[in-house]
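Labels run A, B, C and D following the written order; every chain starts at residue 1.
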Amino acid sequence: MNRTRLGFVALIATMACGCASMGVEPWERDILAKDEMQLTTDPIEAGTDDHIYFSKEASSGGRGFGGGGCGCN
Amino acid sequence: MKKRNTQSVSTALAAATCTLLGSGAPVPVQAQEDPAWNFNTALLYYGEDNSRVNDYSFSILANRLFVDDRVLSMGLTLDTLTGATPNGAIRQDVPQTFTRPSGNAVYTVPAGELPLDDTFHDTRAALTVGWEQPLGRLWKGGVGFSGSKEFDYLHLGINGNIARDFNKRNTTLSAGVSLSRDTWDPVGGAPIPFAPMLDVGATGNKLGTENKDILDIVLGVTQVVSRRMIVQLNYSFSDNSGYLTDPYKFLSLVDGATGDTLTRTPAPGAAGPSHEFRFENRPQARTKHSLYGQTKYYMNGKVLDASYRYMTDDWEIDSHTVDVRLRWPLGESSYLEPHFRFYTQTAADFYRISLVDGVELPAYASSDYRLGEFDATTAGLKFGWKTGSGNEMSVRVETYQQNGTIPPQLLIGNQIGRETYPDLDALIVQFSYRFSR
Amino acid sequence: MAGGGATREVRIEAGRGCLIGQFSAMASPCEILVETSDVDEARQLSELAAAEAWRVEDKFSRYAKDNIIARINSAAGDSIDVDAETASLLDFGNTLYELSDGRFDITSGVLREVWTFDGGDRLPSKEAVKSVLLRVGWHRVDWQSPTLRMEVGMEIDFGGIGKEYTVDRVARQLREASTSSALVNFGGDLAVTRPPTQRHGWHVGIETVSAQGPPAEKVIELRAGALATSGDARRFLLRGGIRYSHILDPRSGWPVKRAPHSITVAADTCTQAGMLSTLAMLEGASAELFLRAEGVRHWCRR
Amino acid sequence: MKHRKSGNHFPGLFPMLVAYLLVTTLANLPQSVFAADFDPDDLAGKVVVLDFWASWCVPCRRSFPWLNTMHDRYADDGLVIVGVNLDLDRAEAERFLSEFPASFRIEYDEPKALAKRFEVIAMPSSYLIGRDGKILEQHLGFKERKQAEYEAAIVSALGQTGSDDE
């Protein structure tokens, strides 16, 4: 199990330091500033989806915390 | 000014102005500063086929915006759940009778049908409160509290997160931690692991309440790739410990050769189960790792939102999730958003269809189909539009289908051919309305 | 009501995304922002607005020698019959007098004979104030519409009502004359004729005290209705560390104590917004209490 | 008994990484080239506030009312406020200005030469330049609660003590 855990953390590390050169100038963020370009555009829909899938499947979260908090059976 | 009831001056003044100007104002005043409040409300219907679970829920998320991007967010969700869920027993060629969790009544399931517990009725209220603010120019932090109460379940949690921007805000590293304590107070009490289901009135097989603690840690990196594309990668670790069993689920105790559930007769004069059932038992700990990648890509007006999640845990469940949405603008003020999601998972190592009589009990066992092996697909469409005064409404309709397979080696004797994975076909309809004050 | 005198002409300027008609009336710069690119329409509406503003100014200015106000204030005790518009303003003044328990009084103009608010520190003597007070008080006036009779030396001044009343009348005429949305702005008292279509709302900057710190310039987005501001940071007296606002309580003849520097109110019409902000100022220290009790959208600057 | 599904599900992260690398190559677009028609050095002798802004940037929108007030209050004392627009689409800037009119001077830095010369790393960024042309202060972002500090810096740059208001 800790083999996969190491794999994940290594991957994040490469992503993080490999990114120094990538990106845009501060004045080129017009598109990224649009509402529809935010990573979570509809927090309530994301919440209800997380809740439905938490109660119907064995995995949860990923985008944010694990969700749950219910005795959904 | 003499103490008067409220609004007496302005109402008298409105009348006087009306006579002075010869007419009232055509449209009442609409003046607002930068909106201080953003509201996001939603009504959701989730319904499964053949009278299984139905859920109506109302949610509201209110964000109070303070100067310099400091935000107080408060969320409330109210759910009413009704319908029936599989109770864990296998089908039989004869009717089967079960004792209700309360222990003071029985219910009977016709021959050949998947046994469902139809007493499933619950209302749930969930509350979240959070505060988020910049910490200096490059740091941002937030803390939050969450709580939810059902008839038999209480959740209390706290969480915190912090993020830092690098290289002109193109790269953001974030970390979040959440701690929660949940308490099960099941109807009739939490059953003793592998205890038999007893007659009405007998309570030797039930204990009291149980609780579980959940620690979630999420580490993430968000990277701007280009003017049109942003990518996020999260690693999350989740450690659950304590009572992870479902108190209302149990397994059929079957004959090793025929695979049929052993029959029993209730004590004279009492009502009780017609067959032998043993309450399930799951491990007291579960450690989950997941890797989540999401990208948003802008194609002159259209926005692609694609994400992939890989999860693995020490219950030997591996899952892959792919989620793709494409927001398609229709003119200036409305959009269409088709949504497709594919999910697949392997079974937990202690997932089984039934317990075999006369064989030593396993350490853990559950026949909860959600721990089984299945694929699920969600396909839907969302239509959103901006109303005149700048608020936004949207409606989405989605179908969610689960198709599972029971590994042949888990089936014994007559179970083969009779026991099939309980496929699920559900409809999700949600209406949401966002406005600011 | 301040007098005319400034040259009476209407200029049309190109605003950004709108055309702006500019003229001056009632001693303040007036603007008509019209959501149109058609210069003729903007000119026609601006001239309509200017004509109405100058009409009301000429009719009710206390500087003019030959209007109804001059005839009333020189009646020396005789009764005078007034026209319908003047009668409606007198009725309105009467209602305000009752609503404010005498704090708002259209006969209090004469107090300016003893008070000049120039930031200096010369306060009038008690006796001087007392003697002028003998000629102040709506309760002394015999008003049976359309006939008005006042004691010798008393004067009527529609200064507290005139500008907001004019903004509302202009807004109504522009609403009837055109489907384009327009913002009527007479020196900070403003009204929207109809909700705009090319923008979410007209943006108006006002000086406020934000809850979290120093006075901030706040941007109000006005889709419909009106805003009026009363109080003025520069017209006060300062003596012995005490700041005397130019808002006088007609019952005592002395400035209202601890009145805010300025109050901006949003309401359905400019007249209501103006009156509510004035009544709040007259409340002095409890201005905000009054506005909150009345459930009025307001921004106070202390 | 351990049961594992045969390997027909995704072999881990491969598809995600390929998409990721493919797209980054398309990311760099050609820049349009116009000579910048404004140079702050022409304003020597004046106290200058150079404010880089864009229409889509929310904190920039919040700074406009304050910049207007500063212009109205100190323009006669020798303060020149120049709002340098960095929008990539000029029409967006003009639509913004029709909603949030600016009483101070607006310039357009099409080739972003000025932005690069001042090494703008945040939006908005404002630079307080003394009469001698030296940069006295740089403010990254706009904090509404710091307006008094920003104003104090301008006043001291103008060489005045205390504003004539209260």
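Basically, contacts are C-beta pairs under 8 Å (C-beta built on N, C-alpha and C of every residue); 3 or more make two chains touch, one makes a residue touch a chain.
Computed from a predicted model, the values in this text were never measured in an experiment.
Engineer: For this structure, which two chains have more C-beta pairs in contact than any other pair?
Structural biologist: A-B
Engineer: Roughly how many whole angstrom separate the Cα centroids of subunit A and subunit B?
Structural biologist: 17
Engineer: Distance-wise, how many Å sit between the C-alpha centres of subunit A and subunit C, to the nearest whole number?
Structural biologist: Between these chains, centre-to-centre, one finds 56 Å.
Engineer: Round to the nearest whole Å and give the separation of the Cα centres of subunit B and subunit C.
Structural biologist: 58
Engineer: Suppose each chain is reduced to the average of its Cα coordinates; what separation in Å results between subunit A and subunit D?
Structural biologist: Subunit A and subunit D have C-alpha centres separated by 29 Å.
Engineer: Could you list which residues of subunit C touch at least two other chains?
Structural biologist: 200, 210, 212-213, 218-219
Engineer: Residues touching two or more other chains, restricted to subunit D: which are they?
Structural biologist: 13, 24, 27, 121-122, 144-145, in rising order.
Engineer: Check each residue of subunit B and list the ones that touch at least two other chains.
Structural biologist: In subunit B, the residues touching two or more other chains are 34, 67, 168-169, 225-228, 291.
Engineer: Let me make sure I understand the interfaces: which chain pairs count as touching?
Structural biologist: The set of touching chain pairs is A-B, A-D, B-C, B-D, C-D.
Engineer: Could you pull out which subunit C residues touch subunit D in their complex?
Structural biologist: Going by the criterion above, the answer is residues 15-18, 199-200, 203, 205, 210, 212-214, 216-219, 233.
Engineer: Of all residues in subunit D, which touch subunit C in the complex?
Structural biologist: 64-66, 68-69, 94-95, 97-101, 144-145, 147-148, 165-166
Engineer: Could you pull out which subunit D residues touch subunit B in their complex?
Structural biologist: 1-5, 9-10, 12-13, 15-16, 19-20, 23-24, 26-29, 59, 62, 121-122, 140-141, 143-145
Engineer: Which positions of subunit C touch subunit B when the two form their complex?
Structural biologist: 88-89, 91-92, 95-96, 99-101, 103, 165, 168-169, 172, 175, 194-195, 200-201, 210, 212-213, 218-227, 266-269, 271-272, 275-276, 279, 283, 290, 293-297
Engineer: Taking the complex as given, what residues does subunit B use to touch subunit A?
Structural biologist: Going through subunit B, the ones touching subunit A are 40-42, 44, 46, 57, 59, 61, 75, 77, 85, 120, 124, 126, 146, 148, 150, 152-153, 155, 157, 159, 166-171, 173, 176, 178, 180, 182, 184, 214, 216, 218-219, 221-228, 230, 232-238, 246, 248-249, 287-292, 294, 296, 298, 303, 305, 307, 309, 311-312, 314-315, 317, 319, 321, 327, 335, 343, 345, 348, 370-371, 376, 394, 396, 400, 402, 424, 426, 428, 430, 432.
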